[in-house]
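Have a look at this one.
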Amino acid sequence: MSKARLESFSDGVFAIAITLLVLTIAQPADYHHLAEQLTDRWPSLAAYVVSFSVIGIMWLNHHAIFGQLARVDRGLAYLNLLLLLTVAFLPYPTGVFGEALRQGDGAQVAAVVYSATMAVNAYAWGALWLYASTRRRLLADTFPEERRRTATLLFTAGVAAYTVAIGIAFVNAYACLAFHGLLAVYYAADPLSRRASRAA
Amino acid sequence: MSKARLESFSDGVFAIAITLLVLTIAQPADYHHLAEQLTDRWPSLAAYVVSFSVIGIMWLNHHAIFGQLARVDRGLAYLNLLLLLTVAFLPYPTGVFGEALRQGDGAQVAAVVYSATMAVNAYAWGALWLYASTRRRLLADTFPEERRRTATLLFTAGVAAYTVAIGIAFVNAYACLAFHGLLAVYYAADPLSRRASRAA
Amino acid sequence: MSKARLESFSDGVFAIAITLLVLTIAQPADYHHLAEQLTDRWPSLAAYVVSFSVIGIMWLNHHAIFGQLARVDRGLAYLNLLLLLTVAFLPYPTGVFGEALRQGDGAQVAAVVYSATMAVNAYAWGALWLYASTRRRLLADTFPEERRRTATLLFTAGVAAYTVAIGIAFVNAYACLAFHGLLAVYYAADPLSRRASRAA
Amino acid sequence: MSKARLESFSDGVFAIAITLLVLTIAQPADYHHLAEQLTDRWPSLAAYVVSFSVIGIMWLNHHAIFGQLARVDRGLAYLNLLLLLTVAFLPYPTGVFGEALRQGDGAQVAAVVYSATMAVNAYAWGALWLYASTRRRLLADTFPEERRRTATLLFTAGVAAYTVAIGIAFVNAYACLAFHGLLAVYYAADPLSRRASRAA
């Protein structure tokens, strides 16, 4: 099992999913009122930007985690496939979310589905990390033990955070989308090196 | 003929096909009954998960096989293209299968078409393997002779298994989809190293 | 200008275009007569297989040509972009061709458009090759002079062949599609090493 | 943070966005008047060619800039994501622009939206360049100081040029599309080595 080929396959899926997101914004139905039609689509654009940020930041974190692995095995490859499944699926709930907000109908359901997809994704991240880091199974020797504990905490927090997102979805769909944007920003700081950032 | 560029082109096709699968799940037609519409689409989601697993596991096996080749030639490149054709085509029968199950109409036909695509795929795998391994044409010297025989057996069994899948399709479409899921799990164990797994 | 990054970008476009082809086959409109609907789509499947072969074989030849270049420059990069434009565009005429044959309407027009796209592609190949090989501008020293002449002849013949295809399109659309399939097979033999094949 | 993986992810997004552009050309609605239908779509084809050139040339310039960087960091990765967002989004305004010109309705709005997308893109390029080059933060030692100043000037000019494009959009949509084509040609000359071109 080559780490390089696993990374490059994952990069491919991340890059394609992030680029396919553009197909989730519905085409204008009527070009005579184009300005109005496009302005109406701002929730789709907002969902696009949130999902683009989510996938882009996940890619960076994937990159950071794999940089700390000494080797990979079949078990990791399967957990990685599970993770990629949730990433590759994201364009669907993104499109539904944006369209539901635009139509002002079904937005709560769409927010729950979007948040649930992200929660499954958070579980996949947690499983991947625990598999790789428990008893330092696949970790490089150079990775400090204390950062391992911080990272485990952050991945567990991720599962909790996305469960909270499902709760918010039931209250307000717009707040839920904003919450996902905030979580992306939160994860934008490399979870593996958060404690080490002063030293960098 | 560079092995690295052949692998990276194949990785690209696998990664794109697996990510395009998400486009096979039909958009909701009516956002007023969104929860119902999305629940109705569970067969599409099931077909999505099965095909995602199939392509992901094929990618891993492609990777394992190419790792055992000392070199590649034009003949292998064409058999590889045939294999990629069946992989790249898979989103079409996947979409049709999920939609037919959802509509409760044409499911048998869709299951047969899906299984037939997988059977052609199994033939392509068999041809690729036989071409590369017969008289050890392209195999690395380090690849043990006994594993070559096991692998040949497993690839031949694949052709038989997918022929059985066509039969099941005529009986029950849901059972057929489940059978494809099981076959994916079966192939998840690296066919090239199955005998060697105790030693790993 | 890095040759490796130019090759890998080109590989990406080839891999995506070849995988996007599957989207050109129209979804069934009526699942109650699914078998009939899918059988009706055989011209789309035939156009899919022809275009898949065309792009796959072009990728192999692209690979073979770049393997003979010592270096690349901006001029080559622009001619390569022109080539990639015709490759990336191919899904459009492929979809139109298959659908026109299925509907039995507009097939001649579709065949002309498909052939014209391929003719522009052949011009791009010719321009790329002449740019790289004239006065051996970018060729590796190891590339034999006599093979350069053979390759130039074959690329020029390509332009003529696809011009003939446009003529055939006016006579019979099915014959035109078959002719494109034959041309793909003809180019499947590496144009750069055709003379050297006995020695291989 | 590995520069190679950042480049390869970016290459992926550029390659996918450039290839997805083909999906922006609307399928014929009526195959009985296919020639007419396809001829009517020439503005979509023109928008396709302009956007294809824009993305292709941006990829070349991305390549040239990253070739001058000694290293990358998280800050650059985020600005790069912002840049990729505008690139990945481009198929949407491209499709809308082509379709608006074809329908002869909403063309001005579409031209403004297209130009605004390009202006945001120009801002992202400027930010990326300023971040990397200010106090030579990430620049390789071999990159000459005077070329840094020329490049900064050219990126600033880009922001101005795309602001002008928005103005032209209000006057004439066709002129606006042509202007974008011209700007692409202008940027086709590597902005990093423009002064050095005599020496090359």
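Chains here go by letter, A, B, C and D, matching the order in which they are written, and residues are numbered from 1 within each.
Going forward, contacts are C-beta pairs under 8 Å (C-beta built on N, C-alpha and C of every residue); 3 or more make two chains touch, one makes a residue touch a chain.
Note that this is a predicted model, so its numbers are computed, not measured.
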Remotest chain, chain B as reference, centres from CA atoms | D
Rounded to the nearest Å, the gap separating the Cα centres of chain A and chain C is 37
Centroid spacing, where centroids are CA-atom means, of chain B and chain C in whole angstrom = 26
Chain A: positions in contact with at least two other chains = 8, 12, 16, 20, 23
Based on which chains are in contact, what kind of graph results: line, ring, star, complete or other?
-> ring
How about chain C: which of its residues touch chain D in the complex?
-> 1-2, 5, 8-9, 12-13, 16-17, 20, 23, 74, 77-78, 81, 84-85, 88-89, 91-92, 95-96, 99-100, 103, 105-106, 109-110, 113
Interface with chain D, chain A side, in the complex: residues 7-8, 11-12, 14-16, 18-23, 25, 27-28, 31-35, 38, 48-49, 52-53, 56-57, 59-60, 63-64, 67, 188, 190
